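For reference, the structure I am asking about is given below.
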Amino acid sequence: MDDLILSNIYILGGIAFVAATVLYLISKKFAVRTDEMVIKIAAALPQVNCGACGKAGCADFATACARSDESSFANLYCPVGGAAVMQKIASLKGYAATDRVPSVAVLRCQGSCKNAPVKVEYDAVSSCRIANRISSGQSGCPDGCLHLGDCIKACKFGALTLNKETGMPEVDTRRCVSCGACVKVCPRGLFEIRRQSQAGGMVYVACRNKQKGAVARKNCTKACIGCMKCSKINEAIKVENNLSYIPPELDAGALGKELADNCPTGAIIYKERIHD
Amino acid sequence: MTKKFTFPMGGIHLAKHKITTDCPIVNADIPEFVTIPIKQHIGSPAKILVAKGDKVRVGTLLADADGIVSADVHSSVSGEVTKIEDLPGASGYEEKMITVKVEGDSWEEDIDRSEDVEKEINLTPDEIIAKIRSAGIVGMGGAGYPTPIKTTIPEGKKANILIVNGIECEPFLTADDRLMVEKAEQIIMGARVLNRALGIQNAVIAIDENKPRAIEILTALSKLYIGVNVKICKTKYPQGGEKQLIKAITGQELPLGKLPIDIGCIVQNVGTVFAVYEAVLKNKPLFERVVTVSGDGCKHPGNYLVRIGTPISSLIEQSGGLNENVHKVVVGGPMMGNAVVNLSAPVTKTTSGVLLLQDGEFSKKEASSCIRCGKCALACPAGLRPFAIKQAVSFNDTVEHMRKLHAGDCIECGCCSYVCPANIPILDYCKIAKQEIRKK
Amino acid sequence: MLKISTNPHVQTSRDTQSLMLDVVIALMPAAVAAIMFFGIDALRVILTSVAGCVLFEYLACRYWLKSKNTTTDYSAIITGLLLAYNLPSSMPCWMILIGCFMAIIVAKMCFGGLGKNIFNPALVGRVFLFISFPVQMTVWPVPYFLQMVSPDGETGATTLRMLKSIDVSSSASSKMYSISDLPSYLDMFLGNVGGCIGEVSALALLLGFGYMLYRRVITWHIPVYYLGTVFIMTAVLYFATGDAKFLPLAHLLSGGLMLGAIFMATDYTTSPMTVKGQIIFAVGCGLLTVIIRAFSAYPEGVSFAILIMNALVPLIDKYAIQRCYGEKK
């Protein structure tokens, strides 16, 4: 009986020892050499792999940071981690941290259920991509929000919510890391990543409708009708195809307020701070 | 018993709903205004030749084909051009349209308006193709591919067979059926014209077995002419699909990525063949077509000869108006047609039917989860695995993966969505996959 | 207000519920046969099993997944029926309920419900009971008709057990059978043999198969290829060895083969989706069944064969791709 137990211990112990040795040797021989720096940088990153930095993922970004020299490092920025993370990486590398103007995603449409009344009922899969294919949408505005929330599914940071009352997605600016996922997914290109202007706030045209004024107005009360008022206030503002676009370089501040106050339909939105 | 042809892969059997089979084609009223889109075909929009205030007559050229893949657009009424601007089409998206205010009904002089069937063809193939081109003829089955390109055989290739597609496998639609019954001789002459243009003597008119009148009339008539035959196909959806029809008639499969002409086939819809007859032998450009107005919500269903540009709403009014239970208006057949957002949108060269559908049989059913029955793969006439494509799209798979699944070869017939016991709109996902593949 | 939706604007009336109802109807002849042969006990087993499965699914939807109640799609009833058919009529009720729990909760709802499970729920329930309660699961009350003919006992052996034991004549401990002990082919076909309540009558199961084919619930591929493989394999073994335990027709008509091939292997969720895949799957099931029946300690191999092939379904689905239109042959 004892022999049986002992022999079992010897045999199994022997196998375990041999296997352990083999494993140890293999792990030594085939070890993947990674840069210490890459590991350290990767540890500082948010690890959400959103691709907002333009790299394939956080590991890719960490490698790029580790390999960068002083000038190329200035072009690398993780919008998710923001200044705090970049500061950490910069101190690891021994470079000066680049500072970026904070930015958020803005929705350039105000076609809520109230502003743009529903004219036809949508009865198919709840997906903007599909709805955009088959028709101009429930309100009839061919460039407006479709209210089906593809952007909300695409946002990895929970910064977008669908307001049940208005039917519009809303950006939680504190959660938004301006990764650009919503910009890519919206079939009508309604999102834009906008930087904060020098004066602190931002001003933008919340409409993408290119129809003639009267038609656009019929579809939505808050539509840009291409009246040129804003371009008369500041020449940098261009109105093309009955649609105004305010370049982000424009200093918001007092000008922003003036633009918003003078817009006859209320299509221009001015915010004093980007975080509301 | 004559042999009946069909395709072996996939396909489904649908309820016919052909309630307008015995309704003769009647002329639809000419509305007060017509709006004629300058792009009713695949390719680049036509160049506008008229200006606001111009007087036009029936058959006047309004816009000229811009480039090879394009088609002429003619006026369907006589009157004054009042507007040239972007107006919402059936889908609600805007298109450039020419609005003509109707005054009287005066036709261009060179159009032969007699009822006699012209039987002499003295033109050369090039002259025939030139006439088809200047008549603005496009495929009237639905795709709207310009016909002159299809009839011009590329260098180094040879046509063997002209298949005239008289299948009309969609439920409700009877426009082609009526055309074959009432204009049988003209269609045979049209096929002979095309035979001549292609330099062949082998036209096959394919008709499916649920059109006994058309089969009877055309078979009898075709015996009088050389080079035109009638073949009967089984009633199965989508028998009228180009690839499926080629397989059924010739027994050959169109290899992936090839055009029908690569295997010597040319497929033309009967409506197109009739238009070719009128254009070549009667000098009449394409400005009117037969449209079936039908559906379970339609008071007086029928087949109408409609001027292109007539608003859909005017057509609906003539057939009894919108009943309050109608929840959907569809342009085309119930399988491949599109729901209309805007009823003031015009009838175009490719509008084969207008359907008024009520709640019930034709409302969307709520989707439940996939039970992996594989019925979609069994029904797919393209031999795809729609369930796998659906999965790839909902999991945001790579475009390479979708390409491997041959999502780009989907013919969008809708069989998969139709058969799905869980009512999953599989076709929608396939369309997204196609879109993603095209984007790359 | 007009609606906009994607094409097609017409959908089949054959939804999940109607397909499942057809399967339930197809299973009815076997229920009738079971009650005829095993009496009121069979009815008790069927009712307990169906009630248990529906109840567990309802509870899981209501209190655990907090999702829409899915018992209305009849799939739980099918699982209940199939589980009952795989049990002997003497099975105590509490054991049946354990089987229902394993089938519905563990094998089905844990994976997310209908359409997402990997293994056939009824088979998981059966195999669990088979391994946990081997004694109760292999006591076979003799059918009523058989008792009238030979009133020598309350329980008997299944045809497969007899077949299995024919060659172990050297072992003194096992009861021996000879070919003459086997029931006649007619009895096997009608179901007048010992066994699980639903599997005995090949006739009733074939009636159900015919109905499912007529209603286009399933295609013929899986059952025909499965039964064909078993028949050919046993025939080859029979003629190669001359051993009576490989009698092909006896294998075809006995055990859970008919039930498995017609109703279990054709389960939508746990079988491949393309015809090509279904053929591979069915042939695999057939081979495994014969291997288990011939060379393992168990007389019956259908449940294990199907469960093993179930596990391979994702792989088959990945590689068994049908030729698409226009692709080179």
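Order of writing sets the labels: A, B and C. Residues in every chain begin at 1.
As a convention for this text, a residue touches a chain if its C-beta (ideal position, glycine included) is under 8 Å from a C-beta of that chain, and two chains touch if they have at least 3 such contacts.
All values derive from a computational prediction rather than experimental measurement.
Participant: My parser should flag the chain pair with the most contacts; which pair should that be?
Facilitator: The chain pair sharing the largest number of C-beta contacts is B-C.
Participant: What chain is most central when centres are computed from CA atoms?
Facilitator: Central chain is B.
Participant: Using mean C-alpha positions as chain centres, tell me how far chain A is from chain C in Å, no decimals.
Facilitator: Taking the mean C-alpha position of each chain, the two centres sit 52 Å apart.
Participant: Whole-Å distance, chain B centre to chain C centre, using C-alpha means?
Facilitator: Comparing mean C-alpha positions, chain C is 49 Å from chain B.
Participant: What is the distance in Å between the mean C-alpha positions of chain A and chain B?
Facilitator: Chain centres of chain A and chain B, defined by C-alpha means, are spaced 43 Å apart.
Participant: Touching at least two other chains at once: which residues of chain B meet that condition?
Facilitator: In chain B, the residues touching two or more other chains are 338-339, 341, 363-364, 425, 428, 431.
Participant: Would you pick out the residues of chain A that each touch at least 2 other chains?
Facilitator: Those would be 119-120, 123-125, 130, 133-135.
Participant: Where does chain C touch two or more other chains at once, residue-wise?
Facilitator: 2-6
Participant: Any idea which chain B residues touch chain C in the complex?
Facilitator: 9, 14-15, 171, 243, 247, 253-258, 327-330, 332, 334-341, 343, 355, 357, 361-365, 368-374, 377-378, 381-385, 387-388, 406, 409, 412, 414, 417-423, 425, 427-428, 431
Participant: Over in the complex, which chain A residues touch chain C? Could you list them?
Facilitator: 118-125, 130, 133-135
Participant: Which residues of chain C touch chain B once you look at their complex with the stated criterion?
Facilitator: By the definition above, chain C touches chain B via 2-12, 14-16, 18-19, 73, 75, 112-116, 219, 268-275, 278, 317, 321-328.
Participant: Spell out the residues on chain B that touch chain A in their complex, using ranges where they run on.
Facilitator: 85-86, 88, 91-94, 338-339, 341-342, 363-364, 367, 425, 428, 431-432, 435
Participant: Please name which positions on chain C make contact with chain A in the complex.
Facilitator: Those in contact with chain A are residues 1-6.
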